[in-house]
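Order of writing sets the labels: A, B, C, D, E and F. Residues in every chain begin at 1.
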Amino acid sequence: MDSERYQRGWDKLKEIDGEAGERVIEALRDIAPDLARYTIEFPFGDVYSRGGLSLREREIVTVAALAALGNAQPQLKVHINGALNVGCSRQEVVEIMIQLAVYAGFPAALNGVFAAKEVFAERDALGQTD
Amino acid sequence: MDSERYQRGWDKLKEIDGEAGERVIEALRDIAPDLARYTIEFPFGDVYSRGGLSLREREIVTVAALAALGNAQPQLKVHINGALNVGCSRQEVVEIMIQLAVYAGFPAALNGVFAAKEVFAERDALGQTD
Amino acid sequence: MDSERYQRGWDKLKEIDGEAGERVIEALRDIAPDLARYTIEFPFGDVYSRGGLSLREREIVTVAALAALGNAQPQLKVHINGALNVGCSRQEVVEIMIQLAVYAGFPAALNGVFAAKEVFAERDALGQTD
Amino acid sequence: MDSERYQRGWDKLKEIDGEAGERVIEALRDIAPDLARYTIEFPFGDVYSRGGLSLREREIVTVAALAALGNAQPQLKVHINGALNVGCSRQEVVEIMIQLAVYAGFPAALNGVFAAKEVFAERDALGQTD
Amino acid sequence: MDSERYQRGWDKLKEIDGEAGERVIEALRDIAPDLARYTIEFPFGDVYSRGGLSLREREIVTVAALAALGNAQPQLKVHINGALNVGCSRQEVVEIMIQLAVYAGFPAALNGVFAAKEVFAERDALGQTD
Amino acid sequence: MDSERYQRGWDKLKEIDGEAGERVIEALRDIAPDLARYTIEFPFGDVYSRGGLSLREREIVTVAALAALGNAQPQLKVHINGALNVGCSRQEVVEIMIQLAVYAGFPAALNGVFAAKEVFAERDALGQTD
């Protein structure tokens, strides 16, 4: 195990996804601890830690891909939160979904907006107004 | 027909996709002229003409969605070109694909990179080095 | 805004999807009002208002596409209702799903049938026996 | 082997897909003869032989599903031919694709139209003008 | 109806999927009895009854396909149970999901693991420790 | 860079995919060298190097996932070769595709068989009869 890569990933995961990210890792610990470790090391330790795109742009890519695929709602919600955590505005998240109406169809766009609506309400309940 | 919306869409299509976009519209004219018109009006006249995200960010969304879905290679190539036309660098296009390795899998990322490689070679042949 | 196109779309939306369609639009109003407008204008004002296929056949296309893709259950249920509203029988909806067993696999067919079963029960509860 | 079911399937296959269907079966004979047999028995002997939807409506379902999924171009072309063979007009095939722009996105619609364009050209070359 | 094929399918369904499989068939009986019959005859009477791969390997294929597609969670859970019923260990099910992180992306893998976690808990509650 | 993990991945890549795998890495070197490195490190250095499933079973998972998704034909062919290289028989590859007819539909199964047919012919041409 490469502990520097793991530590870099863990820090990045907390920066982007916050407690929601930690809860995903926690839920994997008993059943698939190695997948928990890979999730920290490769996506966060390797990919999100790269330059070349800003964190905000990387989250735009992720939200766009997840909403287009439409088969991973829990991850979509985690990353709508992530996008807001690293500098996207709520309106920008909605604009991503409107853009997807063209390329993935209206149902993908609508389901993306409704996922965003849930996330925004959860953040409101926590007093996060960004 | 709303001619202002159509004209705005046509101008936007040419700004983003250039000749490749015009060729798509041309190919639709005889078989599905109304779909040609809708393609100009809704995606370009309505959606790409919005504020809230920059054109460059809209193309990041589009390239991410198309590469993640993986079932629309011609459109992916048109929009890799589009991304480069509105301010993405080649390296940024590659970074989008690397980001997708996490969320859509390595085959989606690799096929995205190979589509980008073809587009870059075509631009090189035309003397476009951006 | 093209008010004739909007009005035509709104009327068509109510004809096909009834109250379920209006509720979708209502749920978009606060978070993404422009997407609400686009949903009325393009799908309903432009596409469903075309000739060339009957409304019943357009709903067959929609139900088949949504059940095959399998990642938009809320829309699938709205459009199973829509299909019944514009002249499909319950048995025809089930036949669409059986046809999909061949092309999208048995899980898509089964999940389509189970979505239909929920819709039929909701209609029964409302005294709609068609 | 249930020879009546097989014979009914074989006749239905030829009625719908004509020589293109026979060529698919032929291509399977050496490598996967049982899959050739299943393809005749289940899709054609069981499903297409059902009542409840007309053959023309069954092909509308199939074309819609294949164009929406977007990952089975050879089968899409076979079934655009099939749709024309059992009573759809060319314009109706195009209308199916326009309808899909809403539910599966513009790339799916465009690629569906371009597949149709190839099929229409092949039929023109054979002197089939329907 | 080919009663030998039906009987063979029914026995195979019970061997693999147990009561969960029977419940699926039961839920289809009133709304789509022919689809219930086809589900017994083709997948179980024809395909699972073949040689060439062991039942355990067939369930590995099924679980991999369903988790990769990610749009059929009820069937995924039925077949995680099925895999365990015909000889896969819990750890092997988890390894399938880890393998899919590479080819279908981390969200598919994570959702596969969480489906497995639910199945394992249900089996624990029934005193099934395999 | 973790050189042990890289070396283990490189050896595993050559064991499974042989020259086809090396060619993929080579094609990435100029345009996306980090993605080449990640492809060696994570899929091969981490995942394929795990115990818990045999290499042959891991390739069954991969071939099933890629054929079900149907949007990554080059990778599907590489991994049909890989499956044969680590102990699957040609008939077993065909059985995987027949199994997928049930879960991903007949088009996915047929396109999987036709990909296998091409791979088998290429191996015949090289005198590989396994």
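Here, a contact is a pair of C-beta atoms (placed from the backbone, for glycine too) under 8 Å apart; a residue touches a chain by one contact, two chains touch by 3 or more.
Remember, it's a predicted structure, so these values are computed and weren't measured experimentally.
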{"item": "Chains touching both subunit D and subunit E", "value": "A, B, C, F"}
{"item": "Chain located farthest away, centre of subunit D as origin (C-alpha)", "value": "A"}
{"item": "Same-site or different-site touching of subunit E by its copy subunit F, using the half cut", "value": "same"}
{"item": "Identified repeat of the B-D interface (over half of residue pairs identical), from B-C, D-E or C-E", "value": "C-E"}
{"item": "Chain whose Cα centroid lies at the greatest distance from that of subunit E", "value": "B"}
{"item": "Approximate Å spacing (C-alpha centroids) for the pair subunit A, subunit F", "value": "29"}
{"item": "Distance from subunit F to subunit B - Cα centre to Cα centre, in angstrom", "value": "30"}
{"item": "Separation of mean Cα positions, subunit D and subunit A [Å, integer]", "value": "40"}
{"item": "In subunit B, residues with contacts to at least two other chains", "value": "34, 38, 42-43, 47, 50, 66, 69-71, 75, 94, 98, 101-104, 106-108"}
{"item": "Overall pattern in which the protein chains touch one another (line/ring/star/complete/other)", "value": "complete"}
{"item": "Residues on subunit D engaged by subunit A in the complex (per definition of touch)", "value": "101-108"}
{"item": "Interfacial residue positions of subunit F with respect to subunit B in the complex", "value": "24, 27-28, 31-32, 34-35, 38-39, 43, 66, 69-72, 74-75"}
{"item": "Contact set on subunit F toward subunit D in their complex", "value": "69-71, 94, 97-98, 101, 106-111, 113-114, 116-117, 120"}
{"item": "Complex interface listing, subunit A residues touching subunit F", "value": "2, 5, 34, 38, 42, 46-47, 50"}
{"item": "Residues on subunit D engaged by subunit C in the complex (per definition of touch)", "value": "42-43, 47, 50, 52-53, 57-58, 60-62, 64-69, 75, 91-92, 94-96, 98-104"}
